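Have a look at this one.
As written, the chain order gives the labels A, B and C, with residue 1 at the start of each chain.
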Amino acid sequence: MDKEENKMTEKVDSENIAPENDSVEIVKIEVSQEELDVKKIKRSQKIGKIAATVGVYIFLIFIAIIVLFPFYWMLNSSLKTIEEYKWTKPSFFPNKLDWANYYEAYKAASLGDLFLHTVYVGLISTVLSLIITVLSAFAFARLDFKGKNAVFAVLLATMMIPGELFTITNYSTIYALGWQNTFSAMIIPFLVSVFYIYLLRQNFLQIPNELYLAAKVDGTSDFKYLLKVMVPLALPTLISITILKMMGAWNTYVWPNLVANDDAHKLITNGLRNAFTAADGTSDYPVQMAAVAIVSAPLFIVFLFLRKYIMKGVSRSGIKG
Amino acid sequence: MVDGKTQWKGWLYLAPALIMLAIFTFWPIINTLYMAFSNGYTSLGSAGGETYSLGIENFIKVIQYKGFVTCLKNTCLLCIITVPVSTILALLISVALNSIKVLNRALQTIYFLPYVTNSIAIGMVFAMMFNIVGLTPNGDSAITWGIINNIIQLFGGKGINWINAGSNYWANMMVMIIYIVWNALPFKILILLGGLQSINKQYYDAAKIDGASRSRILWRITVPLLSPMIAYVVITGFIGGFKEYTSIVGVFGNTMGPAGNPRVLNTIVGFIYDSLSNNNYGRASAAALILFVIIFIVTMLNMYVSKKKVHY
Amino acid sequence: MKRKSFIGCLVALATLATLSGCNKATTGLTNFVIPEGGYDGSEVTITFYHTMGDTTSAPLRSTLDKYIAEFNKTFPNIHVEHEQIGNYDNVRDKIKEQISVGAQPNMAYSYPDHVALYNKAHAVVTLDQFIDDTKEYETTNAAGEKVKYTFGLTKEQKDDFIKGYYDTGKAYGDDLMYSLPYSKSTEVLYYNKTFFENNKLNVPTTWDEMWTLCARIKEIDPSSTPLGYDSANNWFITMCEQMESPYTSAVGNHFLFNNKKNKDWLIDLKEKYKAGYFTTQGLLGTYTSSIFTETATQDATKSYMSIGSSAGATHQRPEKDAEGNYPFEVGIASIPQINPNKPKVISQGPDICIFKNDNPQKVCASWLFLKYITTCVELQAEFGLVSGYVPVLKSVSDNPVYKAAIEKADGGANIAALSAKVCLEQEEAYYTSPAFVGSSTARDEVGSLLEAVVTEQKTIDEAFADAIDECEYAI
């Protein structure tokens, strides 16, 4: 028994030894030797723990440097003159800070308008998209009807088809609807995201069924239950969807460039993209990098402030449930 | 349970989504099928009044084309290498991150940054880092070795021709693997970290009592408990991996390969884009259907494996 | 049960498909005929896609706007809406999609292979009927006066175009005119004049002289790469022209570059590369101008000659030193030839084409605008000076503003003018390659093939066979 006890103490923290006083006193001589060993082991454990922690930090910081380096290089390049950019030996810090690149990228389009258009498209499409997503996810998670699983499987399968292929057909559709150069053309085709429906459905499934049944007994309608119980409970996921959707509006390029590229509807990437091409048809890389930095900055800022929600939301999409 | 009313209700709730999908997803899919099976279909030709016979000529053309085999090989290789590498790396990072308190948030934020960037733009930055300027024909000296080679030389290594003219296929692949893994980490770390935080601490306490070593805890407790999340990142990783394209454009440009060896790194989606830019919508559609079948099979396989291995 | 609902889904989709099938855009791409009475003076808005930017150093769009105002004095009801669509490829991709639904613009910057692509849908208006039209029409100008105008180009106007540029419009094998040249560039040889003078070297006019010179420069500066040729594509194509060996054909069998003459040239070129005589942008890993403008005294690989776009002259000039002087003077000359009596240099830069439209008035209006911007000497002169591109009209060199600028040409501050001067002097040498669907693939392939052969990534036969395979697949 004692031997068992002592074996345990080798691995368990010191607090756990204290209550064993009674039994220890009987075999005092042997134990003092054991105690020494325990102390030794504890010390080496502590050193091991510190070493492990240091190792962990070195590993994590090393990875962080690797992750950050390209961003540093982007900023570095965006502040170089085109001549310095072409240097065969790249400099780690611009010789002369060429802020004009940012001005040039900014000037290439009226950034204020572009910003407004983008926010407008982003907001409207987010709101509509949320409504559709909530309704569909609810149907998939809580309602029972024939063919539900088949429809869900079909929807999931569509996620596997390369979206590039839809472009030409959708473009014909938009044209047939007479929607070129309208905000509708940029908003409506992408309102439904199977991924978001899936994400929210998983979230809804985690809400205990008992709540639903209780509400039914109380005579609450499905819609009211959805609005009053499920939506508030799934709020973090909804916020994450909002952010992902806004990020999408911010980064989209190919489609808006095709359907609505006039000054009254141009989005931010489309506007800035023109800064990418210099007068002689070659690319002015520093200006391009400046443009990328300008486009990325708002996303970074949003991310810094809403980190918690983005992370929670994305990680909620795990398979649980 | 299933009465007439809920039947009707379910479809009502789904109606907005289904209508949109019908117009902007299902119809394009049907049109894709039509284009894929119309021999030699081009949208411009079609606009110009050409008519097409139905058949499988597009598929034959695509499969017989040497370049398509290269695309298939590259896509599969990239998937098979980058998905496990990024998953394991993400797992290690998440576990490490979960074990520390100081700097935890700052590091989490840093790791997530690649998620909010444009992969073409950052690809250009990667290209810049690996680029050698003025490599001599015998490969011994260069004007600039690039920052990565500078680091290798600092440790006494020999500069490697990564992405320039005359470079080796595996060197090219290596660069792409590094970039793709870099790009794939944030999402995976996020998911795995979220999973780790939801693991009940009692499991670890029990393990400590049992005296399990760190690596034993990792493989025997963490990984099984995380298995739903791991399965998820692996499946989405494969689906994303089979659609790899923009990262290669970022590093190698539209030629999809080093100078003198274009398209050596092309992928299936790259092939689809090439066909689209030549207006060969028939071939693009055929390739897309082939890609769909591949992704479908791989996903089913993944699901099958994870059903056996995932602990819920 | 499950299967049934799935089949139901499919049936629904199929119904949808047939419904949407009726929706296919009807294309109004019937052949265009000049209407009786020409342009009737009605209000029309024409759209024009291009790649012109508007930077402080090169305000291209503003320059165009100025001349649109001028054009509107005669045709006040023609409203020109013009738009920058990224780069040339972006313009092509957008228009290509638009044509397939019938939403194309009225006119656009075009390269011959773009026009060949658009013509799969017969979307481009042939310009011959306009050019050859002899009628005189009447319209009311902005001041309310009646003025006469014509569609056709006079013989003087036609002859004023630099022939090589004008011929780009009919490179399609059917002898019809599909576009007019707008702003052009070519390749020129930039050389380090200071170095050449110090070492008493002569500027090479033939390739034989060029290689002898490279050997000589290697003796003077063994670490140098004497020549940088930016575009491997252009090099191959230009050599085909100079050697009079086949490259491509617009009709019949398209790809003719797999021949002994070309192979022999490449085998020889490989030796030159091994000797360290030249590099290209692809081989070097960056613009060749970067080693040409390198001024560090030691430890730097330099080149003393660079063949690149005439529009990029300012990139070939070294940075000013601390005292504000250029470290060396740049000289510009025509590129070396095989046969100096039959010089051949490439012609690059955009043409402008006109698209078919349901409203013939828009087509007429587009032509009037196109005719104006390509034949207006003042516009061509000013645009040339602002953009660094070569004007397409010979008479621009007599324009007082242009003349004054060209007279100031030097290898330092006014290097762009020097480049323009050289281009104008070689007006007889411009050639155009045949254009067809797949011609741009051939262009890219021959460049890659050159780089693959000299770096020995592929044997010469492999490289040619691969390139031909790739080209054949693209059509």
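Heads up, the rule we're going with is that contacts are C-beta pairs under 8 Å (C-beta built on N, C-alpha and C of every residue); 3 or more make two chains touch, one makes a residue touch a chain.
The model shown is predicted, which means the values in this text are computed figures rather than measured ones.
Trainee: Name the most central chain, where centre means the mean of Cα atoms.
Mentor: Most central by this criterion: B.
Trainee: Please indicate which chain is farthest from subunit C, where distance is taken between mean Cα coordinates of the chains.
Mentor: The most distant chain relative to subunit C turns out to be A.
Trainee: Which integer distance in Å separates the CA centroid of subunit A from that of subunit B?
Mentor: Those two chain centres are 16 Å apart.
Trainee: How far is the middle of subunit B from the middle of subunit C, if each middle is the mean of its Cα atoms, in Å?
Mentor: 37
Trainee: State, to the nearest whole Å, the distance from the C-alpha centre of subunit A to the C-alpha centre of subunit C.
Mentor: That pair's centroid distance is 43 Å.
Trainee: Among the residues of subunit B, which are close enough to touch at least two other chains?
Mentor: Residues 26-27, 31, 43, 133-134, 143.
Trainee: Touching two or more other chains, which residues of subunit A qualify?
Mentor: Those would be 88, 146, 151, 168, 173.
Trainee: Find every residue in subunit C that makes contact with two or more other chains and list them.
Mentor: Answer for subunit C, listing residues that touch two or more other chains: 20, 25, 97, 100-102, 286, 290-291, 300-301.
Trainee: Show which residues of subunit B lie in contact with subunit C when the two form their complex.
Mentor: Result: residues 22, 26-27, 30-31, 42-49, 61, 65-67, 131-137, 143, 164-166, 255, 259-263, 277-279 of subunit B touch subunit C.
Trainee: Sort out for me which residues of subunit B touch subunit A in the complex.
Mentor: 1-2, 6-7, 9-11, 13-14, 16-18, 20-21, 23-29, 31-32, 43, 92-93, 96-97, 99-100, 103, 105, 107-114, 116-118, 121-122, 124-126, 128-129, 133-134, 143-144, 147, 182, 185, 187, 190-191, 193-195, 208-209, 211, 214, 228-229, 231-232, 239, 243, 269, 272-273, 276, 281, 284-285, 288, 291-292, 295-296, 299, 310
Trainee: Name, in rising order, each residue of subunit C that touches subunit A in their complex.
Mentor: Touch list, subunit C to subunit A: 1-2, 5-6, 8-9, 20, 23-25, 51-58, 60, 83-88, 90, 94, 97, 100-103, 185, 286-287, 289-291, 293-294, 300-301, 309, 311-312, 315, 319, 387-389.
Trainee: Quick check: in the complex, which residue numbers of subunit A touch subunit B?
Mentor: Listed in rising order, the residues of subunit A that touch subunit B are 11-12, 52-53, 56-57, 59-61, 63-64, 66-71, 73-74, 77, 88-90, 131-133, 135-136, 138-140, 143-146, 148, 151, 155, 157-162, 164-166, 168-170, 173, 188-192, 194, 197, 222, 247, 251, 285, 288-289, 292, 295-296, 299-300, 303-304, 307, 310-312, 314-320.
Trainee: Please give the residue numbers of subunit A that touch subunit C in the complex, ascending.
Mentor: Contact set of subunit A toward subunit C: 82-83, 86-88, 104, 108, 146-147, 149-151, 154, 167-168, 171-173, 175-176, 180, 257-258, 261-262, 273-283.
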